[in-house]
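The next part holds the structures, each set out as structure tokens.
Two complexes come next, and they have one chain in common, chain A, joined by chain B in the first and chain C in the second.
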Partner chain A sequence: MTREEIKARVLDILAGIAPEAETELLDPETDLREQLDIDSMDYLNFVIALDDEFNAGIPEKDYTKFTTIDSCVRQLETLGRS
Partner chain B sequence: MAEFRMPSLGADMTAGTLIRWLKEPGEKVERGDIIAEVDTDKGVIEIEVFTDGVLGRQLVEPGTKVPVGTSLAIINGEGEAPSAGTASSGVKKEPEERTRVLASPSARKLADKLGIDIVDLEGSGPGGRIQREDVERAAARSPEKETAETTSEDRFRRAIAAAMERSKREIPHYYLSTTVPFENALSWLERENSARPVRERLLHNVLLVKAVALAVKELPEFNGFWTGGRLEISERINIGFAISMRQGGLAAPAIHDAETKSLSELMEELRDLVARARSGTLRSSELSDPTITLTNLGDQGVETAFGIIYPPQVALVAFGRIFEGVSFEDGMVRPCRSINATLSADHRASDGHRGGLFLAAISRLLQTPEDL
Partner chain C sequence: MSDLRQSKAIIDMLAGEGHFIWAEPDRTPDMAGREPLAEHHSGRIPNGDRTSENPFRSIVRPKDNEVLVWQVPLGRDEDAFRELFAHLSREEKDRADRFRFARDRDRFVVARGTLREIVGDCLNVEPQQVRFRVNEYGKPFIDSDDEALRFNVSHSRDLALIAVTIGREIGVDIEFIDHQLDAVSTARSVFSKSEIDELESLTGTTRTNAFFRGWTRKEAYLKAIGMGFSAVSEDLPVSMFNESTGSMFEAQFGASTRMWSLISLAETAEFCSALAVEGTVESVSVTGRFEQRPTLLASVMMSRTQDRIVGRRIE
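Up next, the complex of A and B:
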């Protein structure tokens, strides 16, 4: 999967979590929790959806690596290569 | 035979609009079945039936707004002869029985469009029937208050306003706060979650829910309602969990019998409740049943929160964010993640001394998370 494809899927997932958000306007380097006003339940649902979509097996201690769009894409790219 | 009535889903609810029936006359219903959807100030709510039987005559048609307590349908006991008119479609219903509010279809339509509560109007037609002109007159009287611009968000805000106004008017609150050492609980949770697949991981919220439920069992005067000038302690422990809505506002639906549920069950319920609160499909029992409320504002970075009690409940427990605190053991200072817990309680129902014991119980229960 290309970087752009990964990003598009991440944005789709975010749109499911925060339906009112205009995901294309999000800053890729700013914390998603701040930008989208999502709480811990939303964030857990986001990680679950990433895990389902990319079969990523994300450990809880790595949640902090998935807090921005760019960092999500980087992590998922790395997982895809491993 | 039992009557199925428009339920009250909170101190502030006066009426609701039946959106649709989900069961047909003649269908068997069991206690807890969802049989209708009702539009209220709190959004669309699924209404459950509180008795087993067979759905008989439906007395209110979809689209009709009726006051709380209005009979919506008849529930016949099993084996009981159905009341006249049951089941057979095409049976003409008497208009007087269909609804308590007599109104012409065009009046209803206009009132709905203008966001006017037809229940509040006086009808000038025969037998007090509300005519189109009555709605127009009401609209002219309140040009700003009730226009087509009245959105569901506005109504939601108004419902919260009414409840909070009543709370601060009627309830003599007292507030107690304490810092709870949370290191044991979080370390346990991290170990527990590392062994669970992502989908089954727990949030620390469920530890808080369970600890509050068990603490209430020890100090029941914080669990119940102030009604008719006295405290009515509830035998069931239903934790109202405050959930913020994306469009603003909040709901605090109940996690029923929380003290009997495992942390995994609580997590499952909480996830479901948050999803349904935000998509607007809560059930009537979830809104009418909470016996105490829990709010966690920690996600917003708040260190300490002081809640307002949801009447007629008598207590609310609020938690803030997890912060890096310290503990003192054997003369040593150790880092210890901590969380602030605040009790808002009704001084008519309890006293500060018992409130202090209640917070202490919550803190103690959170030190042994494996027992929750």
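Up next, the complex of A and C:
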């Protein structure tokens, strides 16, 4: 899966968590929680949805590493290679 | 989180055993029995904008053994909004600008501006003079010579809770109860096996409410220790069945063992909330309901004999 394909799926999942968001307008390097009103439960469900979608096996200790769109893509790329 | 070893010992402290007193609400502004702010801070607001309608006139610093929890509706009132926005630092205004939706931005401004009013009142400084800093996990602290004052903030949808106390760690959490949420699926990531089993034994609204009760209690505690859900929360046992009482447990940080109290503040059809506070609770006075106006939700009195309890194991 290419980086762009990963990003597109990440944005689809994010749209499910924050349905009002125009995800393509989000800054990929800024914390999602500073751009959207995402609380801890929204965030956890976002990471769980990423884990399910990519079958990534995200370890709990890494749950905090999905705070930006770019970091999501990087983490999922890394997990996909391992 | 290698230095954190949660004690598995946990008990429910039932009302009637003398630990908790659930009082009927006293809905007057000076519920905690303090004098009005104006008498402590006369002339504090130089531009005279603070009027008798200001809901936080009655705020004063909590007593040494007291926790105050304020509820703050985050809807936008134009006059109040302008004043609250003016309280914010340059960085906070920039952060407000980064929100994509005006509604989210407004909620942030109201919550942060109100926090500045409350903390400013406690420190006897202007809201704009309050300085915050954060730890490595993002938990904010007051950057002041007065290091004893502690606070914690949580918001969900259009409601925020702000807890303040002196000299002990606190965490507060409020969550909108999403009845569409697959509670068991979400719980699998952060709850222990026994807690998941407990949830699976329940159905419908009872299960959903139990999940949010457990979540808010865990989140409040993890916020109190400054780690949020970045810590592994399944190691923290909480009661989910018990609706209206608190629980108490020990947690070890390095060489020191601390006693913590978990308290459910209010639970309605829409919201669930909890407070975690270091030490042993003596009494709780809580309104038990959320309102569409800023008001005191709970006043918690802590035991002064904390030192004698620390280290005692509860079976």
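The definition used in the following text is that the second predicted complex is superposed on the first by the 82 of 82 C-alpha atoms of A that agree within 3 Å, B and C clash if a C-alpha of one lies under 4 Å from a C-alpha of the other, contacts with A are read in each partner's own complex, and residues count from 1 in each chain.
Criterion: a residue touches a chain if its C-beta (ideal position, glycine included) is under 8 Å from a C-beta of that chain, and two chains touch if they have at least 3 such contacts.
Quick caveat, the model's predicted, so the values are computed rather than measured.
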Exercise for the section: In the superposition on chain A, see if there is space for chain B and chain C together, and answer fit or clash. Expected result: clash
Practice task
With the two complexes superposed on chain A, say which partner A:25 touches: chain B (first), chain C (second), both, or neither.
Solution key: second
Exercise for the section: Tell me which partner A:35 touches in the superposition: chain B (first), chain C (second), both or neither. Expected result: second
Practice task
Using the superposition described at the top, determine whether chain B or chain C touches more residues of chain A.
Solution key: C
Practice task
Considering only the touch criterion stated at the top, classify A:60 as touching first (chain B), second (chain C), both, or neither.
Solution key: both
Exercise for the section: Go through the superposed model and pick first if A:44 touches only chain B, second if only chain C, both, or neither. Expected result: both
Handout entry: Clash with chain B, by chain C stretch, listed 21-29, 57-65 or 111-119
Key = 21-29
Problem - Shared contact residues on chain A - chain B and chain C - result: 20, 37, 39-41, 44-45, 47-48, 60-61
Problem - Interface residues, chain A side, partner chain C - complex - result: 20-22, 25-27, 30, 34-37, 39-41, 43-45, 47-48, 60-61, 63-64
Handout entry: In the complex, chain B residues that touch chain A
Key = 190, 193-194, 198-199, 201, 203, 205, 244, 246-247, 270-271, 274, 299-300
Completion exercise
Residue set of chain C touching chain A in the complex reads 95, 98-101, 103-104, 107-108, 155-156, 173, 175, 178, 181, 185-186, 189-190, 215, 219, 228-230, 232
Handout entry: chain A residues touching chain B - in the complex, by the definition given at the top
Key = 18-20, 33, 37, 39-41, 44-45, 47-48, 51, 57-61
